[in-house]
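Heads up: the structure comes next, in structure tokens.
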Amino acid sequence: MRDFAANPAAGDPRYVLKLAVEGGFNGIVLQIGLAEKFHWEYAGEIPLILKLNGKTDIPSDAEALSPLHASVAEAVRLGADAVGYTMYVGTPAAGADFAQYREVREQARLLGMPLVVWAYPRGAAIEGKGGRDSFYAVDYAARVASELGADVVKVNFPHPEKQDQVPAAYRRPIDSQDAIAAVVRSANRTLLLVSGGARAGDAEMLDKARQSIRAGATGLIFGRNVWQREHEESLRLVGQLQRILAGAG
Amino acid sequence: MRDFAANPAAGDPRYVLKLAVEGGFNGIVLQIGLAEKFHWEYAGEIPLILKLNGKTDIPSDAEALSPLHASVAEAVRLGADAVGYTMYVGTPAAGADFAQYREVREQARLLGMPLVVWAYPRGAAIEGKGGRDSFYAVDYAARVASELGADVVKVNFPHPEKQDQVPAAYRRPIDSQDAIAAVVRSANRTLLLVSGGARAGDAEMLDKARQSIRAGATGLIFGRNVWQREHEESLRLVGQLQRILAGAG
Amino acid sequence: MRDFAANPAAGDPRYVLKLAVEGGFNGIVLQIGLAEKFHWEYAGEIPLILKLNGKTDIPSDAEALSPLHASVAEAVRLGADAVGYTMYVGTPAAGADFAQYREVREQARLLGMPLVVWAYPRGAAIEGKGGRDSFYAVDYAARVASELGADVVKVNFPHPEKQDQVPAAYRRPIDSQDAIAAVVRSANRTLLLVSGGARAGDAEMLDKARQSIRAGATGLIFGRNVWQREHEESLRLVGQLQRILAGAG
Amino acid sequence: MRDFAANPAAGDPRYVLKLAVEGGFNGIVLQIGLAEKFHWEYAGEIPLILKLNGKTDIPSDAEALSPLHASVAEAVRLGADAVGYTMYVGTPAAGADFAQYREVREQARLLGMPLVVWAYPRGAAIEGKGGRDSFYAVDYAARVASELGADVVKVNFPHPEKQDQVPAAYRRPIDSQDAIAAVVRSANRTLLLVSGGARAGDAEMLDKARQSIRAGATGLIFGRNVWQREHEESLRLVGQLQRILAGAG
Amino acid sequence: MRDFAANPAAGDPRYVLKLAVEGGFNGIVLQIGLAEKFHWEYAGEIPLILKLNGKTDIPSDAEALSPLHASVAEAVRLGADAVGYTMYVGTPAAGADFAQYREVREQARLLGMPLVVWAYPRGAAIEGKGGRDSFYAVDYAARVASELGADVVKVNFPHPEKQDQVPAAYRRPIDSQDAIAAVVRSANRTLLLVSGGARAGDAEMLDKARQSIRAGATGLIFGRNVWQREHEESLRLVGQLQRILAGAG
């Protein structure tokens, strides 16, 4: 679920929760407000990852920071199974980002809560080094999350063809299968979740999912681009993704 | 009550408290200073929502932040029935805003105090995306408050005709009844209070109140634009609003 | 006493303390350093208001903030009878100002210490709205201090003739007696202390003192402009002020 | 000892400590690193003033701040006899300066540790008002340290001939003896230590020392300009300073 | 190990750990993520220095700060033998740098954990004074770390030929042997580790290592430039470094 993105069609969180249960999802990610108001109806049916920070998409991302609005202790209170944190790798606001991340990581260790890090390259400097989607940026982000102690790291599928302005070592031909495999290695024993490709159509999305699982990624994560379709069609798509996850897709 | 707005006609808070009692209001919102000095005379007669932050309207709103000046614990000490917090959705100062909001929300949960969030789109970026009054901005603000854990959210009535520079999804014809209904849905199980329209005259204000209640809003909230009139006239207007709230207006 | 203003003629604090005792002042305001080094000799003879924040007058006031350098607990340790805090109403640094004010107000309540707020309009924005001395600015400052929970508020006497750039509601003819009366009302059950006028000569100062007391102000507060004169003359002036306070001047 | 100033000739701290013992100094000022590594050899022979903040001289002084790197509690652990703090009077960074100073002063009171304040006028604004060395600036700095609760204040000897841009009250002929006497008075019962003049030669330095002691200063403080000379010559100079301190020089 | 530097060839941390064990290294430096995920397999075989701060190399270094992401207490939990901290000497962000350093140093003392400081000259001002590699900059950095209480300080080998814009005292001919000897003296009883020269080839690197040890440095520290080569060649190089350390190389 995108952070606080206004979307009149986003509809009822109950619909998404129900779809997640029916589709056999491994978990759902909610901010604290929706978790408190909706998850209790589905407790025991679908694991909860409580997202602890978030931001609007209104101001520019030049100095991106996703401020903390909830604590690991509240995740425990709500019966969550893991906590989530968005880190903006490369942002000029890294001082504030690391400080709140540190609080989350230390509390997660103390309270026995797995920590999922959304590792997103962001900020003016990353835009000047090839942008947020390049193989370089995604690879770097995976490595940073691993070094900083994430249990699980979520990245977007890399675009190895974006080579303008990336460091020299990344300015070479590499196909997307090899790129995602390198990202898995950079995550160094940190479980990797991948998303992306939904905008380009189902075929491409399924292909990227396949490449990710083949490369050793632990799982896939999807937002409204996937579940905002007709109910039966959603379930059919989820079925395909399940087969890919099982290595049979 | 507008935050700290100097107005020589604002007069005696006792007048407003008395009007609130006579008019059968569900509550009155006061900053801590006026709560301490005036509410005790009306304790038990009119519920108190203690507003915990506020700002002057002197500097520009480009980086709007309403700094905290009181705590939930003080609301308990004063016998308040709820606490209020103004969040400036989209402000570049979101880092500071979320940090103090987080403290308020966590303390409100611990101390069993309902939390009312004034969700106001503000800041240079929102002005560049259609301004604070658009359907897009109001809808977004309601959703953010809901995701962040407000128990009640207060918004201004949206202006769906303001479509310049708003995101594409909002650049379509929609009447005000449908717009406020969408805002109620975006508030997702968060009780919605609506204000606005007072400047354009009583007829329009009552019409907007009617549309809000019809759309499923929980209540209405008004400031000096309403109660700054002759006493009998104030009571007559309040009577009309009461009928609207009861679904009979 | 002006905050940290270097003045080779300011002389010995003992002189001022002695004058305060002889003149029957209700209290003296000292920063912690002078309180610790000088007030003990006069303890029991003249009440102490410990000023908890202060600033130099060296940098510009565009983002004025008076940083905290002492706590309410220290005021208790020193036997002070009240604490003082300077708030710069309208400053862009309001975030930091409110945060430290909040600490002071909460501690003052807990420790039973009356809180005197110097409410001074300051900062680039107030200069663009008619300046710090206008009726608008002083009235607004009194109201803010009242809403934020001051027990006593200190303002400078307003200049109602300064109407350039003030909000429309204040751009009307009003004499100084009516202006100070409006300020007393805006202070809403917060005791008001007034200073000012000393620079224009004794006659004008006494006249403003008279208008303040007539309007319902609780008291007067003066700095070196008053006590920096020959001893007997100081006492004579203080005598006149005492008569004004008693309603007989 | 200048804060962290790289100087290949600064040599072995043992040399300085030995000289301080032989010369009968009343104390030596060290940052925590050198205190931990060197002072233990001379404990009981030369009192230690632990300097709690410091800064490099690499960035410009326009927004000078000397950040805290040690606490009063550590001074107690190391057996120090006093703590030292550098305050940059007039800096735009006064908010941060006062906040850390406040912590130091409160802890010093609680732990019974005398507090020596290096009161140095600094920052873009003071450069626009005649600079850091004027009589005005030094006098102001002494007064600020006194008002803020220093037990001892250290200033540089004022240059009363620097009158460009200083406030009008200071733009008058005054000789250096009268200037340092005024500074002693501005320190108001705060013990005053003076340094300076070393760059202009020994004769001038000794003359300024004499004027300071004559004016009522409590002591003198010197850095490497004094002890960076041949051993016997250092001791001879220290002997002269001792006689001045005893009122016999 | 460079902070979070994306490098597709950086490979498996197990390889580096194994090489460190085989080569008889005195320790390995890891951020908390890799320490948690990889060091347990080698516990007891190779000492761990837990690096407590780090930064990406994406934004510019003009206001360099390496934010803290782990605590000394966690180093104890992980069985680390020392903690590491990168300080950017001369950065405009020194206020934040010193504040977090202070926390680390105080906790390291309390928990008995040796503190290794990477003292790196950085920031716009140092670039304007001859850059990060000059003898002046390295010497200054060693001294700052020593004064601030590092147990061990790590510097890069100085380039005494870089004299443009350095302070006058450093604008003189000095060979690299004398320069590193001066740095050892500036470290004043703080153990000095040196790295550098790897980019220019093995011969130069070994020569600089020899000069460092001869000057009294305690040890050498190397990153991927050294161990990113064929296994046997790595071990041969490490053997040479071991002989140098033993004074036999």
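By letter and in written order, the chains are A, B, C, D and E; residue numbering begins at 1 in each of them.
The rule we apply is simple: a residue touches a chain if its C-beta (ideal position, glycine included) is under 8 Å from a C-beta of that chain, and two chains touch if they have at least 3 such contacts.
Per UniProt, the chains are A, B, C, D, E = fructose-bisphosphate aldolase.
Everything numeric in this text was worked out from a predicted model, so none of it was measured.
Visitor: Hey, what chains does subunit A share as contacts with subunit C?
Guide: B
Visitor: What's the distance between the Cα centroids of subunit B and subunit E, rounded to whole Å?
Guide: Taking the mean C-alpha position of each chain, the two centres sit 55 Å apart.
Visitor: What is the distance, in whole Å, between the centres of subunit B and subunit C, each centre taken as the mean of its C-alpha atoms?
Guide: Computed from C-alpha means, the inter-chain centre distance equals 34 Å.
Visitor: Residues of subunit E touching 2+ other chains?
Guide: none
Visitor: Under that contact definition the chains make a ring. Starting at subunit C and heading to subunit D next, list them in order.
Guide: C, D, E, A, B
Visitor: Once bound in the complex, which stretches of subunit B touch subunit A?
Guide: The contact residues of subunit B facing subunit A are 89-92, 94-95, 97-99, 101-102, 105-106, 109, 121, 123-126, 129, 136, 139-140, 143-150, 167, 169-170, 182, 185-186, 188-190.
Visitor: Quick check on the complex: what are the subunit B residues that touch subunit C?
Guide: 4, 6-13, 31-34, 36-38, 54-56, 58-60, 65, 67-71, 74, 93, 96
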